[in-house]
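Heads up, the next two complexes both have subunit A, just with different partners, subunit B and then subunit C.
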Partner chain A sequence: MKPNTNTSPIRTAILFVPLLALSAAALSASDPVIDSRPLDLPSGESVVERVNARHDGVTLTRDLTMKLIDRRGKERKRETRGFRKYFGDEKRTAIFYLSPNNIRDTAFLTYDYAQADRDDDQWLYLPALRKVRRISASDRGDYFLGTDFTYEDIKKESKIAAEDYRFRTLRADSVDGHTVWVVEATPISEEVAKELGYGRVVLWVDAKIWISRLTEFWDTRGEPLKTTRSLEIREIDGIWTSHRLEVDHHQTEHRTIFTFSEVQYDLEIDDNLFTEGSLRRGL
Partner chain B sequence: MRSQIPRPIPTRVVTAWVLASVFAWATLAAPAAPSATDSDARPERPEIRHSISWHWALSLDPARARDPEQDDAAGGSRYQSFELSWNPELDWQLGPGTRLHGSMRLRADAFDRLVPGRISGLEAASIHQPLELGDRTELELRELYLETQQGEIWWTLGKQQIVWGKADGLKVLDVVNPQDFREFILEDFESSRIPLWAVRAEVPIGPWALEAFWIPDRTYHRLPEAGALFEITSPRLVPSPPPGIPVDVEPARRPDGFFSDSDAGFRLSRFLAGWDLTFNYLYHYADTPVPERTLEHSEVGPKVIVSPTYQRTHLVGGTFANTFGDLTLRGEVGYTTDRYVNVTDLADPDGIERSGELAWVVGVDGYGFTDTVWSVQLFRNRLTDAPEGLPFESGETRLSGLLRRTFLNERLTAELLWLHDLDLDDGLARAEVRFDWTDTLRLEVGIDVFYGDPDGIFGQFDSRDRLVIGGSWSP
Partner chain C sequence: MRSHQSPVSSTAHRFFHRVTAYPRTLITLGALLVIGAGSFLPSLTTDTSAEAFIPKDHSSVVHRDEVKELFGLSDPVVIAVVDDDADGVFDPDSLGLVHWLTREVQEIEGVNPHRVTSLSTENDIIGTADGLLVEPFFETPRPTHAESLEIREAIEDFPLYLGSLVARDFSATLVIAELYDPDDGDMVYQRVLDLVDRAPTTGQELHVAGEGAVRGYLGRYIDTDARRLNPLAALIISFVLFLAYRTVRGVILPNLLVLAAVSVSVGAMAAAGVPFYVITNALPVLLIGISVADGIHILGQYYEEQTLDPTAGSRELTVRAMAEMWRPVTITSATDIAGLLGLALASFMPPMRAFGVFASIGVAAAWLFSLFVLPNILVLLKPQSSPAITTRGAGNPDPSDSLGFDAFGRLTGGVGRWVARHPAPVLAIGLLVAGLGLIGLGRLEVNEARIENFRHSEPLYQADQAINRRFDGTNTLDVMIEADSVEGLFEVDRLAKIEALQRHLEHHERVRGTTSMVDYLKQMNRALHEDDASAYELPASAQAAAQYFLLYSASGDPTDFEDIVDYDYRQANVRASLDSGLYSHNKPVVEDLQRYVDQHFNEEGGGLKAKIAGRVNVDYHWIEGLASSHFRGLFIALTAAWLMASLSFRSMVAGALAIIPVVLAILWIYAVMGFTGIWLGVGTSMFAAIAIGIAVDFAVHTLDRLIVLVRHEGLTIEDAFARLFPSTGRALLFNFTAVLLGFGVLTTSQVPPLVRFGSLVAVAVSSSFVASLTLLPALVAVLRPAFLRPKTPVSLPAETPIEQPG
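This part shows the complex of A and B:
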């Protein structure tokens, strides 16, 4: 499916956003990229660098409602509470399922290391077994607990693993009235593409707040895979934050809608929340 | 069938009814459960949930399928069970870091073949035993504990499950709580594990996490009695009497000291250089009684007296887990200091000998295929001081395999599980499909097939193959 960049009011009202955009630091009005002429395209690497350099708080807590909608419109709903904290360069994320009852108390923990050559560590608590399972982080392209986001998407939030792609800025564009840079990302190797499940990604990155408002994914065979839109972007504690993410999976016709609430940055979070014991105890 | 003799209402019955009434009141009187985003209201409101599950097990044994009227003492009907279970749960956040959790189970079986007689009361302490409501229904307090954080320490006080180990379906260290074997090992551990009254503390110590507990609850395995569908008959587990000699089995002698016979243990955990590591220690009574045997001579001839007793042991062990690319390596090892085994020598004064036992399991999980997990585990145990005159080999080796794949964004799950004893060449194969029709309604269908030597652990149930149709509703 080709991305729609029509700027009519109706369409632009619902269009365009990034990967798992959650948050983004605001840019100052004197940003040199914004000030430059549209034809002076920044390099893809520099755009991605700005996306990844966004301040997104040392800690983050938020509630997340997931809606999973199949091709016949049947809807499933999950409610979670998530926590994220930076330990230096290392990012730790914990997600606790609150409902529905049949998956309540399931919990997911990941340690995302800054070193590109170090695999992340991931754990999943399964209440039916009452055990924390160590799970491989290498199959990053697997879909996360029934959603249309992959484990990699969930882990990176709105950021992009720069080491996995080559980038090229295609053009400047406008999404919902916002100036964006359209950046193409191509996996650096077939092996990485297979791991990620993506053969090509195109991002419509807001040139002011450095969030991708729309992201198109193709699979490793070059077929359209899914479209992610980041919506309801608002500033919280000085950090631009997307409160709604929508994914349309073109091959399965499955949809996922993430709605974030109670988003709070830089609250004090106990380090012990990011441990196996905490997964077992739950919230 | 269970006894119909009226008996006085014991304290535990009253206690169970009081708890049931509290649950019922809470269900009716409590406001709606708070939403996930309603964090301010959460500490003040009890959250009540409940689920209803059912499963219908039909025998796959061809002879019984042809003749539905066949109905021998061992449950030789086409129908093995039809169970309905109601499971209310309560969570009450009493304040920051303090939570009360409770759960009960009301379970009824239309055929009464799994537990055709009353639970003898020998395996269960009086504060724990389920309340029987007629022959086919029981009400059980599953869990009731207060969890609270005091400084750095997390306390869990009350009836609870303490689960150790990294293995699936094979137990080396997951022996803190006893188990109900009414369906052998076919029932989910979550359901068959018997919660115990315990005091547990968890505290971080630098990079380590320490979990320590004390268990005054003297409840042990519930083993099916004679005539039950899954009565254990394998001579490897139940000693055979000498031919031609009558046998008297005495009631099991349970430890009765509240303090002196309690269990205690601890687990030290650490994440180190990519490895999840634990060191475990447990001082406890083994949950299976030891059948001490004495030979008596009387005017009518010799007679064997079997006196089941529970014996203490130390268990020392550890677990590990790490990932390597697509693979997860995990395992656990445990050494039991006092394992009692039967010997065949009739001259032996009690017919049992003591030995140490080393057991380990190592497993590999594979995540390399989309939406698919496979797993292989190798289990081995052996007696370290095997006495003379053992009726069987001093060790066992088992292999397990699991293949699970999800479809339709995890609405549909298909699973194959295989357990095989390499020494006896018997085993169990299971296949199951689960479908989440909605968020609240799950449907399941599966088959369980035993095979091999009828004296084997699995082969003894060769005629208990079954088709299971079930589901659950969790509003």
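This part shows the complex of A and C:
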């Protein structure tokens, strides 16, 4: 299938109404943190609900530097400019590589569909071949473009697919001086665990801004898999935003560091940016 | 009565009187030395690896480690699944088995689960109409029949895996497990064998091999049999010692010397942090030979003195014996040490150096105990006679001697008489042997293959053969290519150079396949051109190459290429698989590769450097070094031994006569090796050191006795022979028999290297013994050298015809 090029602004707006409403509903819901009994932990589901309810803008533009480090400390540094826009509950993302030279103008486009049974679409434009190549539907647990993030991690950004896990709040804790709820997420079935590549996830969710500051992953065999840290969290346009993500893969000793800059929410982005033609044209 | 008449011995007498003044103190000091040295033994480490033979800073080891570090490549344990059905391994049962084995191997302790490679872990790169698909060949535990055939087609389209992961005729496939620590090789090998035993096979054959298994198992394989046979050897040696003098102390005392020499020597190794190498197994053999000699000769003299003067006390007997024997014992020790240190000096291989140095320490310890501890033990014991040595027996033809010997003494006496009368034929045979030795030397093959250490019926041997027959081979040769800049390998002309190198390597018969990043780029290029077979070629630009890898990363794992190219695309590994581990097969490949690499890479401004690495390269340098070091070491050791013997006897000719039996013994071993096709390899090269040590002992004792008899007692050479053979000759006979039978036991081993070692030690001691007792006296009889002219005018002129009863 070809990238959608004719989404009307009206349809987008209509599609957005329920999403906004949902966010509002979540924000006004009874706040478990302000519970009078401090020993009473909020339920795992409610914490995750708050995390997923965080507003993250209809559009987003940002510069992303990906630093990939192998176990011997050798680095690959890739600079990109990224765009993301919600088309209703469909999310489209375009990433343009700026450096290194050999992959400059390479561009990646993805359409994430809300329907669980519909495979996401992904394309990569290779300037050396002057061809857009479709990347076959990857497993959710596959690694994204040589990073330690899986496609699922990238797709959900800092959120969690509530339907995949059962949640349980373990305790209150603190990370870098911030109060957090420690929530354990267990895949609902072995099948889901296999798909995700995770047997268990523990999130240290900030109790104020609802971002997981620290996330630990275990593989399906119960071995420690990787640790993700959300750092340099600052408010941009009223939205709490991590400017640095670090992943340590415990089994391959590979590391990924994402640094974000020039982050801007809700800028006007032309729908045509998220098309094959635009990949070819470049920035 | 002869010994105390000897003019040289009066000082010696006084000296040993003093030595034996405080027997308990000296025995205690000796015991403390043995216990002290022995206390280090628990800290002794072993190192049975091939790399141990090459200095740590040798380029082959440095490069090998670099490749290991950069690309994470290590010696694997390999399971081959063989299915000779029409479909080969591409049926549901066999692929299911591969899946099962892969999962189970990943669970084995010591195996790096991320570095287990099989059809069920690897990704296929498939071209589609509008893209590229990277996905596992199969994911389900048991693919269907149709899926199995699809996997087979996918493999046919993926040349990289043909010959390496799947046999070219599809009859077999591998599960390759890399280890965290190569020292776990044996443990992992045993666990994989257990796994294979309970594997759900349906007619498939399973073989377990791989360098990890071979290396891990080899040490234990040899040790187990050596441990079984060594006590037997000790028993046999003790029995021969008993036969020599038929007394208990005749057995115990030489054994005490062996204990002292071995524990001081090996204890010193442990204290110095030097590990026990494969060839160190020869160290106890040598020390047993030398210590037993010291003990036998001293005791022989003691019993002779006792027989001559039955009323003498313990101390007097001991002092008399020592006054006679300290000199030959000292000269043999000094000559052995000179030879061993020469061997150490000449070798660049750490285990050889260690052998020379620590064997010298052992010889010195045996000398020290022979001169200072053993006499004190004898002093504390009651005087004792040996039933083997009596007064004036029928076996003694020499009217001037009052000693009588048993059948063994009469036997050696007979040999002596024969040699004295027929020196010419003895010399002729000697020359013939030397000639045969030179011919044998010409036919001697320097060679080694680790796998040949296993008996051919051993499952590991068979597995290795099966895998090398069906696949490209388990022996790896690496070329590490390094560009001058980050992403420098993507340049098209450089990729083309790597490809040309691979094609060049593949011209060799033994090189059955090569892999590098070039193969993956070609596979991706093809996939990106709608799987068109004609597009199996290098991408057109550096940008394309870089973008292919990025595209691949969209569906592959971040670490997928870590074993072939480094993370910043500056260093790549080209790996060639050879189907033989034999030095003679791999030598031309390595040497040609070195020439090629020097010519096409490494030039100034070329931007690409290449280094040769891999196990085949390490083994090549190891054996190459072994051969040159063997001959150089032998030459230097013989020269050093000759100089030391010359110095001791104060005559270059005497020194030369002491060395001739050694040279002949070594030539004879070459003849045996050359004509029976035994390779000069790691284990077999050690016979030289043993031959030098033992043959020098035999020759020096013979020569020293001759000098004493002729120069100091004024006997004619012929009379001296008549005295020498029944007494010194008899001692040599038992020394020889003890070592021969003791280590001859090794030839009953199931382990080929032990059999070879045992037989060569047997050949070495036999030829040394025969040469010392025949060739040496024959040479003396014919040459009548100046150093054997009597000091005192008592004797008849040397030219006087032999006046002995027939």
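Criterion: the second predicted complex is superposed on the first by the 243 of 283 C-alpha atoms of A that agree within 3 Å, B and C clash if a C-alpha of one lies under 4 Å from a C-alpha of the other, contacts with A are read in each partner's own complex, and residues count from 1 in each chain.
To be clear about the criterion, contacts are C-beta pairs under 8 Å (C-beta built on N, C-alpha and C of every residue); 3 or more make two chains touch, one makes a residue touch a chain.
What you see is a predicted model; the values in this text were computed from it and never measured.
When both complexes are overlaid on chain A, the residue A:252 reaches subunit B and subunit C alike. Look at A:266: by the touch rule set out above, it reaches neither subunit B nor subunit C. By the document's definition of touching, neither partner reaches A:184: not subunit B, not subunit C. Subunit A has more of its residues touched by B than by the other of subunit B and subunit C. Of the two partner chains, subunit C is the only one that A:106 touches; subunit B does not reach it. In the superposed model, A:49 lies in contact with neither subunit B nor subunit C. By the touch criterion stated above, A:281 is placed in contact with subunit B alone, subunit C being left untouched. When the two complexes are overlaid on their common chain A, residue A:63 makes contact with subunit B while staying clear of subunit C. Legend: residue contacts after superposition of the two complexes on their common chain; A:90 is shown touching neither subunit B nor subunit C.
In the superposed pair of complexes, A:124 makes contact with subunit C only, with no contact to subunit B.
Residues 68, 70, 74, 76, 100-102, 122-123, 127-129, 131, 133-136, 138, 142-143, 145-148, 252, 254 of subunit A lie at the contact with subunit B in one complex and at the contact with subunit C in the other.
Within the complex formed with subunit C, the subunit A residues making contact are 68-70, 72, 74-76, 97, 100-103, 106, 108, 122-124, 126-129, 131-136, 138, 142-148, 249, 251-252, 254. On the subunit B side of its complex with subunit A, the touching residues are 35-37, 39, 49, 51, 147, 154, 161, 163, 165-166, 168, 188-190, 202, 204, 209, 211, 269, 271, 274, 276, 321-323, 325-328, 330, 365, 367-368, 370-371, 406, 408-411, 436, 438-440, 442, 472, 474-475. Against subunit A, in their complex, subunit C makes its touches with residues 69-70, 114, 128, 130-133, 135, 486-487, 490, 528, 539-548, 550-551, 553-559, 562, 566-568.
The touching residues of subunit A, when paired with subunit B in their complex, are 63, 65, 68, 70, 74, 76-77, 79-81, 98-102, 104, 119, 121-123, 127-131, 133-139, 141-143, 145-148, 197, 252, 254, 261-262, 272, 275-277, 281.
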